[in-house]
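Pasting a structure here, questions to come.
Labels run A, B, C and D following the written order; every chain starts at residue 1.
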């Protein structure tokens, strides 16, 4: 396939490399052009602008938030203005349900196809081509992107025909992780104040009921109060919970645990946690309980 | 060792059988004597009363709640009145921190030893001798019980010298499971109302970030609204969250997520959920969102 | 003063009438022109469009929400395009902090003045010229509007130089009322389930600690489950709590009670309460407790 | 009437004095006997012990909590052991629903009568004989106490035949006050962080929608962060919310706002607020928002 790829950050660079490796003809674009160099060396073509990355059957965008995707899609010579009729925009970014819906409508109006395909996995997983892809969109359009998904991931889940369903599933995944962080934070505040060693406690949990990596990873960060450097920064966590709540508001679904997480993230940011890992909300219960932290 | 065992319910029967199998000399007692028969066949001795189960180096109690343990310990010819000086009461029941502390003090006053050793695992795990034991108490006393723990479990975690630390850890584990149920309930209410199939959604979760059995098990019950028969009944879940909150109140630790769970359990019971599995709180978010359930 | 007035709904009609009565020269505009008739009879001039209401020293806008104010201000021949340099836009609508801030900036850029002056009081209070005005803006601009405020209200509170401060104060007032509704709803769910008559209970409250009209009014609606017709409809309550939370998010202030109210309003709307009075959230606690309502 | 009075604290001293003043023959008892002196001077008789205060038609108890009432009622030569058949125990203390129910049952079993009659009003109101009495119990028994209620209060509300109904109503009143404190705390955290002067803000509130004394009193304490000396100490507030939640648990009524208040009080106590006024929970929202307090 002749493809374009927009957004060569820590996730996108690995994904684009795997598309090249799989034999696709890939034009890459990044706002900071230097990031394209290693990919060009691997066989990609450097596009001079977004339009230059939109000349194939499909273009993948992997950007950091709504604003970046909106700029890339709606800007002058952006994706909407540049993509050929019948070609597909595959949006892998974690964006709002509302923007996904808007993109679906506008691409349809322009005779183009739109598939949402956010991914689960960290940068090293992306580099290994082992991501999990959650895709939604017109069944034919999703089907046609199979080679692309196979190049970047080890499994693809199709969750519906409305693209925004995939975005909602992705956002809800981050909500579930944040819920794990909060629950561990409360449990550790409780047993910790009772004198139980937090690391020993985590050892009990991960060797009994909670062996999943998410408990090991975040449990250790909370137990050790090690929130720097940020793997996923607090403002990003706050943003994702905001997007979950925005979708829930539109669908009229009250989510008290998500509301609690919202308040936790606001407290963390208000108390100076801008540069901390999002798991730092897991220390707030202990702080409320009188422990002096950071 | 010469041991006694009080409480031959679904958990206790398996634990006592494994003690017999390991070669210990075990006197068993149950309020309903019929339950002792299979154990006697396997080599145990049927004690006529609690005092009869208290004639060895240690007696294990595995009862359903504070009231039952209190009756067994403080009743006429109960454990406190019957156990020899220097002998050990090993309490495996899920009881309150307050009762555990009271037992520790009263056994000490009587010249006896007290070890709290609640367990993680379901009846079939108990039958297989594969429980996880969380033990706390005087180090010598805990150490002396090693053969006993090895007979009933596959691993033992010692979490402190105050016995109630073990009870708190056990209770906090049930809090963490209830938190998983709530988070899955909210996430499914959200994606479900957006039209995503709940079973397909669970498939995404358990094959990506949330592979732990606790997500598979409870996720399926919530997705299928299958809350009968109850594996762990709603009133027991409510009780454990109450005990978590009672411990938290004494330690002055605010736990907003536990408070939310408390309210969920009360709502479930108030709305007729007495006989449902505790995971039925995972349908309340959808009910709040207007879905008509059961 | 030579004034314009945009928005002749239940509140605006009374306010405009009082401006006429006080001797000001008032040009009135309403999207549905018929509403201007009684005012013209009283001495006002009917403006043909928004621009026609913007030819004096000041124009007052009293519209139902952000969208309406945005359209009036930014539309073709809207307030921004029509107001003379140095003239003042007095915004009495209950709008978001964000829109207020945007209006302040854009009026300043156009050489115009902007004063936010939301009001407390129901339509009959507006008709009587007895509103409470909460004003904020440049001190000179606010000062110059004194005759206007005196015509529509019985008291004016100046709360700052940034216009959006007034909007925030107004929104927070609605949050406080919603908090009263929620607290009464919970208290009545509790005592009601214990068998205490809700009306008798309210009688105790209003004759002891809680004599304020807000307790009498909403307490009666909740006690009698009389939520129709809506004095202030549920979607408006939901909107105001959303605006409070949006302002709080920007300021990084976690507000758990406001979050709870948000969830209550979403539950009410999801369960079919679109046309009910906002005090209907005061029945949700009883519904959670198993009472069958509406 | 020939009466006894147990508990001559700040509230009880005023109440007993008014009973003497109304012409009743009153035997008074206090654990610290010195407190009886002014009453004896006014015409009361000093009882040597609780039994000595139980020789008339009725005995009033006005003590600080469940423990004190339990000791007075169930102790050796306590109220239950000393009161004549047919005589009435009037319990004015703020106690739990559970203890009230237990007292009702035990007095009935002893052939005595039990009326719960908690009061609203501060010490100076008690001294003036202007309390509001909330009474419940057997109608004849309540009726017979009318002269007593008239001596201590300006109005009496009868809320049911089960005495504990009165205790629940009293406790719910303190819940409603705490809800006012929380809502003011959140509103002031929000507008305060936006730069609005808290005192000016309170002025707006109390001159518009929220004129009730409870808003004035607590609003001022929160605005000025003046939490010492405590008019009603934080541990007492925490206790009353605990009793509300205990009653709600038994009745299966989820109360999310009460749960939030519980967590606030625990946070306040955990952070060193033991000696502060209970309105100090009204500063926690600002603290969460990053304000440095106390």
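For this structure, a couple of remarks:
We adopt the following convention: a residue touches a chain if its C-beta (ideal position, glycine included) is under 8 Å from a C-beta of that chain, and two chains touch if they have at least 3 such contacts.
Keep in mind it's a predicted model, so treat the numbers as computed, not measured.
Across C-D and B-C, the chain pair carrying more C-beta contacts is C-D. Separation between the centroids of chain B and chain D, computed from CA atoms only, is 39 Å. Computed centre separation for the pair chain C/chain D is 38 angstrom, with centres defined by C-alpha atoms. Remark: chain B and chain C have CA centroids separated by 53 Å (rounded to whole angstrom).
Looking at chain C, one finds that residues 248, 252-256, 260, 263, 266-267, 270, 288-290 touch two or more other chains.
Contacts between chains leave no pair untouched here, as each chain touches all the others. Contacts from chain D toward chain B in the complex involve residues 242, 248-249, 252-256, 259-260, 262-264, 266-267, 269-270. Note for the complex: chain D touches chain A at residues 256, 263, 266-267, 270-272, 288-290. For chain A in complex with chain B, the touching residues are 97, 120, 132, 134, 155, 157, 159-160, 162, 164-165, 168-169, 172-173, 175-177, 179-180, 182-184, 186-187, 189-191, 193-197, 200-201, 203-205, 207-215, 244, 247-248, 251-258, 260, 285, 288-290.
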